[in-house]
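Each chain carries a letter (A, B, C, D and E) given by its place in the written order, and its residues are counted from 1.
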Amino acid sequence: ACSTGGAQGKPTAAADTSATDKTVNWANWAAYIDEDDSGAYPTLERFTEETGIEVNYEVAVDDNNTYYGKVKDQLALGKDIGADTAVLTDWMAARWIRFGYTQKLNHDNIPNIVNLNPALRDPDFDKGRAYTLPWQGGFAGICWNKEAIPGGIESVEDLWNSELKGRVGVLSEMRDTMGLILQQNGVDIASDWGDEEFDAAIEVLREQVESGQVRNIKGNSYLEDLKSEDTLAAICWSGDITVINAEAGDKWEFAIPTAGGTLWNDNFLVPIGSPRKANAEALMNFYYDPEVAAEVAAWVNFITPVVGAKEAAIAIDPELAENQLIFPNEETLSNAHIFRSLSGAEEQKYQAQFQSILLGA
Amino acid sequence: MLGGLGESQELDSRGPRGRVRPRRLGLGDWLLPVYTVIAFVFLLIPIAYTFVFSFNDSIKSNISWRGFTFDKWLNVCTVEGGAVCEAFGNSIIIGIAATVIATTLGTMIAIALVRYRFRARGAISLLLFLPMATPEVVLGAGLAAQFLAVGVAKDMTTIILAHTMFCISFVVVTVKARVASLDPALEEAGRDLYGSPSQVFWRVTFPLLLPGIVAAALLSFALSFDDFIITNFNSGAVSTFPKYIYISASRGIPAEANVIASAVFLFALVLVIVAQVSRAARAKRLAKLG
Amino acid sequence: MSVREFAERGADLELVGIQKRFPGFTAIEDLDLTIPAGSFFALLGPSGCGKTTTLRLVAGLEEPTSGRILIGGRDVTGTKAHERPVNTVFQSYALFPHMSVLENVAFGLKRRRIGDALGRAHEALRLVELDHLAQRRPAQLSGGQQQRVALARAIVNRPALLLLDEPLGALDLKLRRQMQLELKTIQEEVGLTFLHVTHDQEEAMTMADTVAVMNKGAIEQMGAPAELYELPRTSFVANFLGQSNLFTGDVAGVTDAAITVDIAGARVIVPTARAQRHTGRVTIGVRPEKVTLSREAIAPSSDRNALGPGRIVDVSFSGVSTQYLVAIPEAGTVTVFAQNTGSGPVVGEGAEVWISWPVEHGFGLDDVAEPSSRFAADDDTTSIAAQRREELVTELEEG
Amino acid sequence: MAFAAFQTAEVVPQAPRKRSRIALFLLLPGLLYLVLFFITPLFSLLLTSLQAPSEFGDIGQYDYAFNWQNYVTVMTDYWPHIVRSFGYALAATVFALLFSYPLAYFIGVKARRWPMLQGLMLVLVIAPFFISFLLRTLAWKQLLSDESFVITSLKALSLMAPDAHFTGTPFAVIFGLTYNFIPFMTLPLYTTLERLDLRYLEAGSDLYANPFTVFRKVTIPLSMPGIVAGTLLTFIPAAGDYVNASRDFLGGPDTQMMGNVIEANFLVLLNYPAAAALSIILMAAILVLVGVYVKRSGTEDLL
Amino acid sequence: MSVREFAERGADLELVGIQKRFPGFTAIEDLDLTIPAGSFFALLGPSGCGKTTTLRLVAGLEEPTSGRILIGGRDVTGTKAHERPVNTVFQSYALFPHMSVLENVAFGLKRRRIGDALGRAHEALRLVELDHLAQRRPAQLSGGQQQRVALARAIVNRPALLLLDEPLGALDLKLRRQMQLELKTIQEEVGLTFLHVTHDQEEAMTMADTVAVMNKGAIEQMGAPAELYELPRTSFVANFLGQSNLFTGDVAGVTDAAITVDIAGARVIVPTARAQRHTGRVTIGVRPEKVTLSREAIAPSSDRNALGPGRIVDVSFSGVSTQYLVAIPEAGTVTVFAQNTGSGPVVGEGAEVWISWPVEHGFGLDDVAEPSSRFAADDDTTSIAAQRREELVTELEEG
């Protein structure tokens, strides 16, 4: 049958020209790497020094869906999407692998893979990490402007406080926003739940959006709203405020809500059309050096998947070891849960319901 | 305005030799100029803002004022590995290519429409009007669906193809007006004065249509250069200036984008003003001679 | 004659059995015309009669449906415009707005690769006394100056035949008369054949050696201006070229010298040689300036026709002359022009008068004038104005 | 320059020549282009709009079908957006007209005596063209953000409720649409008003009409071609716009327009049939509206 | 008089000390003018002399810099156009293109809320015989029809004063003459005051009761048409209103009855009553139609002036009359019109002739004509054509 818009037979990987083309294009999220005052990326510079590979670091991912929307047609045709490696969340990475949109990694080029946290070695969607490699993990929780809300907030429920009307932001990542609300509703997002629970949670969100309590629903660009103070409290990703605090003064604070946050992981992968897979692998290998990982972690305050980074971090600043956003202890982790994986039909249905709220229908 | 309504009674009550009454100031005498000034201020505010913030000593996102610097102007192409400049360059290339193709095709159509008689006239006019009446999302989405269906990868070429498509109609409209105002007697005079058909075209018709063609080309370029919606659907991995801005809007737009936009603005403004002034000067000279 | 050559003198033009049909309209029915070399020929006729079409056929801007066109004896029917030794001065001038005056004038020479194009162009501009404006653009010239540039642009090519399509139509009366004089002078100077189209009868008469009156795609009459004026052959010519007083009646007697026509009882004599028809119902006429008014009854004689009495229904003074409208019961309304020489009867409205004219100035037409058929459609301005005038006359006659 | 596109010169009557191969040569390339890159895409959009999800397909996989229910579905799901799009576009068109008419009148009529000033003002009208419209919109977003000078002043003056905000509201979107399309409204208005024969206005006042009546009965009807052209040039793109209403620009969740819905279905939800059906609906609605409008205003020859 | 009322009859118009300055140009210097109610007044003058400006001041479309305007005795200087009981027929007609003919005509009535506007409009259209075209748009009418609609649109309001700004300027000669007749009839029928602006002298003379000749923002002479024509007071009027033969010389003798002027040796007599100046250098003149040509020498007498011999340098036949240009060494070039009555001497170019005219038709001007000052700039078309003509004349004289 003739069909459109998806994988029509799987595209084939591009020939690798890394040997002659010493560049690598990296598509990543905002506030997701170390960056100094002049806007330069110190670890990337060191990578270039060590390997001679130039990096085009592009903040191209605002959320998983919009990024996918931008590149999917090219992927389906096996064309270069302008990124040799992109960082995407587990569930999206799973889709790419399913559709054949990623290239198989050559672990020989990534000797540092030994430093990968053993707990992350065999996820369902990519046994043995044949296609992906974790970049950072983190929580979705709540954050607020300390100047505007000196008392702080503790739960998702607090976001619905009428004093914050019109100044609340939520994420366009369905799993994070809905995950938090589901948990607020007492649902364990990691285990079995169904339409009923989801519908109930969606109603909560719908009510808050329609009443104008929620100002906006965004991807990583929610940071811009925080900075412009259009929003004063929001559903956030754990490390992000560290970076904007560094930029605009220590203004914001993050917390995992009392009812629980989400735990997720973002992964490197090599898109099918990239002709520079080896360079991308060199990049991954570089960031799996514990010292480099520690340096990144010290900046971005997300959970590093690299074993040995903690020790290296203590060398930089002993306090880092205690930072629950980077090195969460059991207690912290027990408060965060992984959103269960969804079937294709569920994905379609829940995304549609969630989008209908984004679209104000 | 309302004063005019009670006028005639007033007239009647005045004696036949009524004193000359000083005229009221009409609304247009002061209200309109004042309004015009305010309107222009309003129109120019965001432009001024963009310009001013091209000097902002911002780090990443260019939201709050952090001090004055020339650095952004001096180092436009260094930020993000030159992504802004690359996008800008792409926009220029795309604009030029689309303009050349659209202007050529559109001019040919315009000449044919005015000068020749044929049956499908109505259908052709409709075909030319439709792209102008179709929202950009539809054009963009339709083309994207089409490219995907036939398995064409998106790159610079697809953008150029898309831009050319929506420019053609505007070119036809612009040039058609010029052709229609071209006195056919001029071409007949050319033939009468021993000009062969091609000589008549290149020495009479073409130079006379040129202002219209140039206007159409400038319009095409402007439309292409500023297009985002259609580009967004059909650009693949290629970045254009508007696309760059749209994407960076979600992560904070660097001041360098303001620099480029301001530079383009100033360049175009100077160009237009020079053209206007020289035209006015020519008109003045003409008036003096005539 | 090749277009690469300059014409030493005008060529003659011959149109043989020309017909021109446009989709749904036949502009020219069957036209035969010969214009001798070196003459100033005027084609005169009402709007839409086919003058421009004729010119365009000659210039090669239009193809005849049938018939042949010969210039200087050579058949050019199948030849394209740019290959004919003909140039046109267009009504709108059609000067190229993007070229200077000089470039305009040199255009034709350059196309023909004639040496020293600019020098010759300057010379042509000197002829029309505009060389000092050679660098200007057409838009910077006055209407009269533009007209002269258009003339120079055509003449510089020394065409065997110069076509002028109402080149003076856009000028006001005063300038028009002055340009007529110039045009005539230049034609005499350069000695080319001029085919001049106009709908202004005075223009045609003062300028041309030969005038042809065209009507509905055919030529009604052709000849020297005075000849045509003095002896029109059809009612159309009689009315189009100047004004005429026309009377219709039956021929009552014919001799070698004269025919006698019965106009509602009155006898009017017309020289036989000046009458086209000699029997039956005929229309005869006389020009208003040939008619004399008198306050006393005049007896008709063998060399003078007389009608009357009638009543003056309108007098209009126009400076040089005065126009009287005289309503004569049997003959209708007669127009009389009297030059204001200061002598002669000065009569006012309402006065009873007799009119008379020398027999030698009468003429007999080939057709019978139908007073109502003079006007096209009933809502056309001309006819309404004419009707009003008739009504007015009747009203005044009655009241 | 660019605005010359809106100027129409006097038309010289042309006697169209007979059919010819030259005409074909002139027309064919351009028309073929439009058939290839405009008609064909529209056709494939139509086909897409009738597709049904693949039976065992993953997300975003569809098969050709004749699933006209797609239209019903999108109509029921998105009727608020359809209404909103046309509502916002209408409002923006009206505001742009109200804003532009006096401006165009001043430039085209009052400033006739000063051609230099006229030229300069025209440059200022088209000035926004020269700066990316995305940047202009973002500039407004910043200038009118909650903590901006304008909004805080308005709140201080009690002209705005203390907990109210501007960005993300329907007003902001309509404001953005209005602003962005003002040049498209002003220029056609200017070109008709610039050619407006003032003698008609004098004839009006000579015939006992006061200035207001002259405006209503003479000026407005005579500038109708400009009004129609301007409103079309504003309304059509405004109805299909999705930048102003985008959540990253001036919009919020409850200001999303058809353009945003189409984009979301195309790029995020991967629901191509829905996106295509919506596109077709949008286009059809606009064509119907334009047709009716142009007929009603009696300016058919404008097209 | 309120604008809400219909004028029962025309009102008179008085302009007192009107001055109108435009930035950098004074269009009207100091104008006083009284037009009696019910008259047909023609304002005549060359282009740019201020005719339109005068009309616009009266209509209220322009404000005078100083001076007062009175209509029917009431000062309307400070009143706006729509409040004045005045209507204008514009040169361009200014028919509203977006309204039907009927709506155009009813416009003024509706603005004044006069009952049965449509009925009255139909009536006015019947008056100009266009009622059957009431539903058409102006663009669908011919020029003459448009002109009549414009007239109806103004007249339907029964304004006390109707201003006509060259309403016939756009028409061709034939139509123009017909419309003049209509206009005059309508004025007589409705009895309103007409102020008619034209630059066509024949039009002014045939239509108006009173003609005023305007020059450079002031009125040079005013009076009945025949009066002005027969006795122009200035060289401007003598040349503008018809053609004149002007001679300049010193007064050689004065009696109560006549002055004698020495024209390069020849004596020319002008009746004292017809001469503005009686001493020093004077310009005298005579109209071309008053001059008689003869092939023999004529002796001047007390009632006939004679000049000669001269030579005919140009003859131009125009149907009704023939124009002769006679070059007379002492007097310059003299124009003679002779009606083609068939009698009188028919002379050809180059013939030696004498001219003469009755003393009673001569006139003496208030100023001295300067032949060269008649033409403005040297590259202007008019002057070039004139120069060419002079040259031509000289050439012919010499050769």
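In this section, a residue touches a chain if its C-beta (ideal position, glycine included) is under 8 Å from a C-beta of that chain, and two chains touch if they have at least 3 such contacts.
On a predicted model such as this, the values are computed, not experimentally measured, just so you know.
*Asks:* Determine the shortest chain-contact distance, in steps, between chain C and chain D.
*Replies:* Shortest path length, in steps: 2.
*Asks:* Under the document's definition of touching, what chains do chain A and chain C have as common neighbours?
*Replies:* Where chain A and chain C share a partner, that partner set is B.
*Asks:* Identify the chain pair with more contacting C-beta pairs: A-B or B-D.
*Replies:* B-D
*Asks:* Report the inter-chain centroid distance for chain C and chain E in whole angstrom, where each centroid is the mean of the CA atoms.
*Replies:* 27
*Asks:* Distance from the CA centroid of chain B to that of chain C, rounded to the nearest Å?
*Replies:* 53
*Asks:* Quick one: chain A and chain E, Cα centre-to-centre, how many Å?
*Replies:* Averaging C-alpha atoms per chain gives centres 92 Å apart.
*Asks:* From the C-alpha centre of chain A to that of chain D, how far is it in Å?
*Replies:* Distance between chain centres: 38 Å.
*Asks:* Do you know which chain B residues sit against two or more other chains?
*Replies:* Counting only residues that touch two or more other chains, chain B contributes 4, 7, 63, 144-145, 149, 183, 249-250.
*Asks:* Of all the residues in chain E, which ones touch at least 2 other chains?
*Replies:* 3, 80, 82-83 - these are the residues of chain E that touch more than one other chain.
*Asks:* Can you list every residue of chain D that touches 2 or more other chains, as numbers and ranges?
*Replies:* 48, 142, 210, 213, 248, 266, 272
*Asks:* Within their complex, state which residues of chain A touch chain B.
*Replies:* Residues in contact with chain B: 4-5, 30, 35, 37-39, 54, 56-60, 62, 71, 73-74, 76-77, 79-83, 218-221, 223-224, 227-228, 247-248.
*Asks:* Tell me, which parts of chain B touch chain C in their complex?
*Replies:* Residues 183, 185-186, 188-196, 199-200, 203-204, 207-208, 286, 289-290 of chain B touch chain C in their complex.
*Asks:* Given the complex with chain B, which residues does chain C contribute to the contact?
*Replies:* 3, 59-61, 80-83, 86-88, 90, 92, 94-98, 107-108, 111-112, 136-137, 139-142, 153, 157
*Asks:* Quick check: in the complex, which residue numbers of chain A touch chain D?
*Replies:* By the definition above, chain A touches chain D via 1-7, 65-66, 69-70, 72, 95, 98-99, 165-167, 209-210, 212, 214-218, 221, 228-230, 344, 347-348, 351-352, 355-361.
*Asks:* Which residues of chain C touch chain E once you look at their complex with the stated criterion?
*Replies:* Residues of chain C touching chain E: 129, 132-133, 142-145, 148, 173-175, 178-179, 181-182, 185, 199-202, 205-206, 225-226, 229, 241-242, 287-290, 292, 316-321, 337-342, 358, 360-361, 379-382, 384-389, 392.
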